[in-house]
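Two complexes, one shared chain (subunit A), two partners (subunit B, subunit C).
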Partner chain A sequence: MSNAFDFPGGIHPPERKQRSNQATLIDAPLPGRVTLPLQQHSGQPATPCVAPGDTVKVGSVIAQREGMISSHLHASISGTVREVSTTQIIIDSDGQDEWNRLPSIDWQRAAPNALFERLNESGIVGLGGAGFPTHIKARVVERHTIHTLVINAAECEPYITADDLTLRHYASDVLEGAQIIAKLCGAQHIVIGIEDNKPEAIEALRQAIQKSQPITVELKVISTRYPSGGERQLIKRLLDLNVPSGGLPADVGVLCHNPGTLLAILHAVRDGQPLVSRVVTLTGEAISQPGNRWVRLGTSIKELLEQVGLDHTALHQVIQGGPMMGAPLLTLDTPVTKLTNCLIAATIVELPPAPVESPCIRCGECESVCPVSLLPQQLHWYARANDDAKMERYHLFDCIECGACSYVCPSHIPLVVDYREAKSRIRLQRIETAKAEYAKHRFEFRQARLAREEAEKQARKEARKSQQRRTPTSAVASSEKVDLRGLRIAHAAAKASVKKAEKTLARVAQEDPKQPLDDLEMQLATAQENLKAAESQLAQAKEQQAASAPSQSEESS
Partner chain B sequence: MSDTFDAISMLSAVAVLTGLGLGFGALLGLVSERFKREDNPLVEQIDALLPQTQCGQCGYPGCRPYAEAINQGDALNKCPPGGEATIHALADLLGREPEPLDGEAQSEAKVAFIREAECIGCTKCIQACPVDAIIGAAKLMHTVIEDECTGCDLCLDPCPVDCIDMLPRTAPLHQWQPVIAHSPGLITSDRQPAVGSVHVERL
Partner chain C sequence: MSMMHASGVNDAPLTTFVPPTASLMRWVIVATLPGIATMSYFFGLGVLSNILIAAVLGVALEAAVLRLRKRPIRVTLNDASALLTAILLGVSLPPASPWWLIGVGMIAAIVVGKQLYGGLGHNPFNPAMIGYALLLVSFPTYMTLWAPPQELLPEGLWAQITGTLPTAQLDGLSGATPLDAFKHKGEAVLASEFWATNPLPDGTLNAWRWVALAWLAGGILLLVKRIISWHIPVAMLGSVLLLATLFYLSDPSHFASPLFHLLTGATLFGAFFIATDPVSAATSRRGKLLYGAGIGALIIIIRTFGGYPDAVAFAVLLMNLCVPLLDLYSVPRPTGHLKSSRGEQP
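Showing the complex of A and B:
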């Protein structure tokens, strides 16, 4: 089966997409109240810029991006801000649904900067699941050359049909969004990767491709296999390019976007409509009217599911995301966010709880299905032993957490849970180590500052002393044997370390202008303090020697 | 004839080896003098394993002095902020036996907090802070930069009005750690319902 254009492993879980892809895409009723978490994207949470009691319209900015990787947040209904906390903003609806749109932009004529700014102010993030701010992803051209834009319409996970329905209804709009991104990143090719289990969407795309311009779009239909929707896996299957470990698709000249994101981009540019709603798949045996809905961000999941006929008695669990990579919700009292692509209200028969795990029998099933060719059983071993160094050596961070290994494990070991836990533990350790290193540099800076102050104080004292004793007694001067040579060496070393720190700072600043440079600046300041201390010591010693030299010459004569 | 030959060959071998020895010796001496390091690389490695709180609980003024002391043969178990993990890492590095921690282990990360209404602006805590994490000026209120504070306690003692508290450090949301209880790994025949096991309702 496998050819050069294929990734290793993969599985064929039951698709169960029929349940939600029959109904057409419709708007969910307007919620009476929305709860908007400040962090619905990767990076820093946004900072609120409204106060309780403020009146907002749909599309008003309610929280500004904070720091480099972050995204704006907009009101998804018109009404009054009820509560602003450190984690979320709650808005009560006035039922009017009044919009606050931005002016439309003609993307074919607009300057790239205007488009970048529009993406930024529209709060668009990757709607496929990772939630990476799109305006930053679009700026990838500043450091990479992009030749191909891949539209990731594989949607390989069972149950989810949000992209499928988006494409059926908005195929030409999605392609126009893709043309905008292709223009921004300078891509010469647009390739759509779609699995063959979505015939209607493929047909809609075929129709739309003919009118899409200026760049011709290539449609590649691939056989259905999980996880071909993984960014790296799809790029391998479509273009036969390997994204390096720890790298980005941009490293091989590819940019990957989800159809939903591209549609949101078009809405932002053409209609001036910020990201305030998204398509959510509502499915599972415990609801009576499954299907896809346009849902305003911040809508309560409980209300949303009850609107489509949630049967509380049959419900066993609600999973946010797909059954493979999603997470069961511990409470339904939580809002739809920019990252909620699917809600599965499952009965106990449909998605039974996993049997109690047994010990690993080292059958190697997990290894044969791993799409990244890792050794899940070895990772499992080291994860349970908390051996983080070994896990990193076995490329834990290349794991895409697709869940194929857990799916096939005959011992029902929740392998991916182990890996996620280990990843977050290692990440925390890295943060701690960086923090300790920073504290060390601050401590060194303080030591250097104190030493410099001490040296300067000493120099002043000496200067005063030598002023007082106009006629220095030779005995005092000669007893203070000055180690001028040692001080010179120390001075030169301090000078060299200042130069080195300056060079490092300049190099890092040039390589990655967005990186925080506090720590390196601190190291430079430390080196400078050291240099000042050495200078004043040297000057003092020279003065002493100069003072003692004439007295010695007097003596000898 | 053979005697002289042997003597020559023996002497030449001795001469060559001596020459080589002297040559390489001189080279090594030259290199060690030329590329001499002022600092001790082992001290650097030890210092890297210490938590850098600069708290002085080990009896040395900062982590680096303690690293130097360890290199001189001091005990490994004097760092409460580092805890057992640091002791084990140090023991691994130095090939020594890990010793139990001398003193109470720190249960959680702390951060200093100045009750600003009570601060009299004496600057004593600013002078005590090893990482310059307190800002303020004489007769003006002081405050702690939370991100820079290492939680070392050193500002508590100098404060004349006891207006500094050590509060548990709140981790930001993105540093949240999942709490996962692993099953003991029984084989199927061993399995039985645990006595008093709690069934947690998901919804």
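Showing the complex of A and C:
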């Protein structure tokens, strides 16, 4: 059970998982209407591709990804589009639940590109909470060598049992999803990290592991301690590898996935089923039938909780996510999204409001529980003094916002709230200082777009000309020398800069999911415009050469 | 992505499973009880009257300054930190000290040492030790005369109220503490000769040992209840023992034994109740170790070479001065960093 490797600090909050892990995983009733926000993932919101009045089936694409770090969105029920706004799409159900599935793929034989494309068109994002588009994460192999795929089943937050129940019911499917990802990223090892408070899931995995192939899967049961489910903390505990500060697990050859995401990947590949539903833990003392449900995305949280016996009078607050890192909902009129893993309908006795804050007495409890070995009390001091430079010096951006420090603080100081505010303030400042740079990038993008349009116009003109030319005489043809080699080099350079822009973007987006990405998306778009221009110039040059070559050969013969 | 987050509301709902600051302070007060009881047993009711006067003055002064600073009085007094300071200063003073002496000490501790810096959490120095050090420097006669054990003097208590010195205590030698007596034994006198003369009133050494052990018991309670961490007491006692042993081994006829250093004076009291004041101590674990070790070393150095028989107050205050530096140089290496940014200035 115990493990030689460990991360510093950590806490043991009350688990309270029994409330939701007793019942089996069942489907929630089909909603009569769904509200689908255009942004249910990190990066740019998707762009709607349907209009009010359109009929859709389950799985029809209703919004397309915008830019690189973004994700498609699909109808989660069949029916009629009722409303399309800048932030969301509302669909009314026809009660039929008709599906629009993609063809099944045999992943063991399929080419990687077909699988990447399937992940992209299925709109899969990380279901553990970060919401990072899976198709980008899967392409990690283009930039890094991965040796181990880690399945993060630690689920260390109190209350949440979604991964636990997913594994009890779908252990072998989750492992098959892991095999797909392992194939795509070239990992030779698959390791599952799970906390020892989930004996049924562990047993289910033990059974499933024996049949999982081609890569053997290793099951590592770790003792329960918050926050073992943090990506860096889990990698440290399972593999004794330190993910560098500001880096990614891929930097040490590791890729981390949540069981729910792996199951969604298998459903997309094997069954051609896009991401239209997810497992949500419904728990808390204010509902009478707690448990886990398969919920269609866009289902109203209010309706969902009422279906499981919400007692409005007993309800104090609904928390989305876990009690440590989640956030209270201001209104229940909000839909379940790809990121909703848990809803806690808590009574006031269960999760009372935090007592009034008192001064920090520098007791150092926060330091002893910090899983990253930061000095939370020093950060607190500088946060209250708005000393951002000092905060960065004390590694503010290494904070994983797990809330262990706030949890043990005897003065009830909401430390993590302070850190979050400081982080977003610093992010804004960075944008402010880089504004001139951004303007330059926007200008470059415009230039590149104009150049591309010009090149394409030129190409069309040439194409028309050469068609007219071909019929009468060939005499006038290209006396001008075509610099095919130069164009080929330019094309290759443009392609390389697109790759580079993609790499930077993917990296930044994963390192700090809350960092705005507009500027990097703009730079990528510029590179793409340049590539298109180079492509059309090259194509045009090739055509010219092809047109002139036969005529020359005719003359010479 | 974070559009779902309801900012502005309490963001970490699960927060109420930890004893709050006020209850931490109350536990420390509870842990002083064995020490107070033992001291009263050996040195008389003067110990309790000291504490009583200090507590009344301490709470009154804190309330008065909070009123002047327009801060909530009831909530702040409820954290019991003023009461704790009063107890710590009360037990440090000679039993049945004049009321004005206690008053001057409490003004220095609560008003100057704590509230003028911004109240709880903002004082760079240990308030009780500020008060104690001021009195020690300003009124050395009153501060170094301890009534001999087992003298429960009613007239002493009367003298406390009238603010004069009881006549019995004016007999300097009978009121000396063991550390004081050893300090002033004279260079030529060997340690063995000194002890052979039976320099202290009967039972004095024994009384101090029992008091020290009672403080140790209170300290262990604090450790067991996880009110304080082990770092500061262990580092401080460790460095006291190490240095005292080195001196003692180098010349046993001249220097006091390590056990003598440990069990007389305020060593154990200081290790568990004074140096562990979190507000004025270093914060990181590494910093706490350095801080404790520094106090221990200063205690031995001042006791051996300095002008004062006991040195806990000065050692603690001197190390309080070093805390910003210690904090700067003891930043731990965060996970994922190859080296720490110790001591770097922006």
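Note that in this section the second predicted complex is superposed on the first by the 431 of 557 C-alpha atoms of A that agree within 3 Å, B and C clash if a C-alpha of one lies under 4 Å from a C-alpha of the other, contacts with A are read in each partner's own complex, and residues count from 1 in each chain.
Keep this in mind: contacts are C-beta pairs under 8 Å (C-beta built on N, C-alpha and C of every residue); 3 or more make two chains touch, one makes a residue touch a chain.
These figures come from a predicted structure and were not determined experimentally.
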item: Which of subunit B and subunit C A:41 touches, first, second, both or neither; value: second
item: Which of subunit B and subunit C A:297 touches, first, second, both or neither; value: neither
item: Touched partner set for A:105, first subunit B, second subunit C, both or neither; value: neither
item: Partner contacting more residues of subunit A (subunit B vs subunit C); value: C
item: First, second, both or neither for A:269, with subunit B first and subunit C second; value: neither
item: Which of subunit B and subunit C A:417 touches, first, second, both or neither; value: both
item: Touched partner set for A:330, first subunit B, second subunit C, both or neither; value: both
item: Which superposed partner A:317 touches (first subunit B, second subunit C, both, neither); value: both
item: Partner chain in contact with A:84 - subunit B first, subunit C second, else both or neither; value: neither
item: Contacts of A:247 with subunit B and subunit C, given as first, second, both or neither; value: second
item: Common ground on subunit A, meaning residues reached by subunit C in one complex and by subunit B in the other; value: 39, 317, 328-330, 356, 358-359, 417, 420
item: Footprint of subunit A on subunit B - complex, ascending; value: 38, 47, 50-54, 62-64, 130-133, 148, 150, 173-178, 180, 182-183, 185-188, 191, 202-203
item: Sites on subunit A touched by subunit B in the complex; value: 39, 45, 87, 315-318, 328-332, 356-359, 384, 417, 420-421, 424-425, 428, 431, 436-440, 442-447, 493
item: Residues on subunit C engaged by subunit A in the complex (per definition of touch); value: 1-7, 9-24, 75, 79, 119-122, 229, 278-279, 281, 283-285, 288, 327, 331-338, 341, 344, 346
item: Touch list for subunit A against partner subunit C, complex; value: 7-8, 13-14, 37, 39, 41-43, 130-131, 158, 232, 236, 242-247, 317, 319-320, 323-324, 326-330, 334, 337, 339-340, 346, 351-356, 358-365, 367-368, 371-375, 377-378, 389-390, 393-395, 398, 403, 406-412, 414, 416-417, 420, 513-514
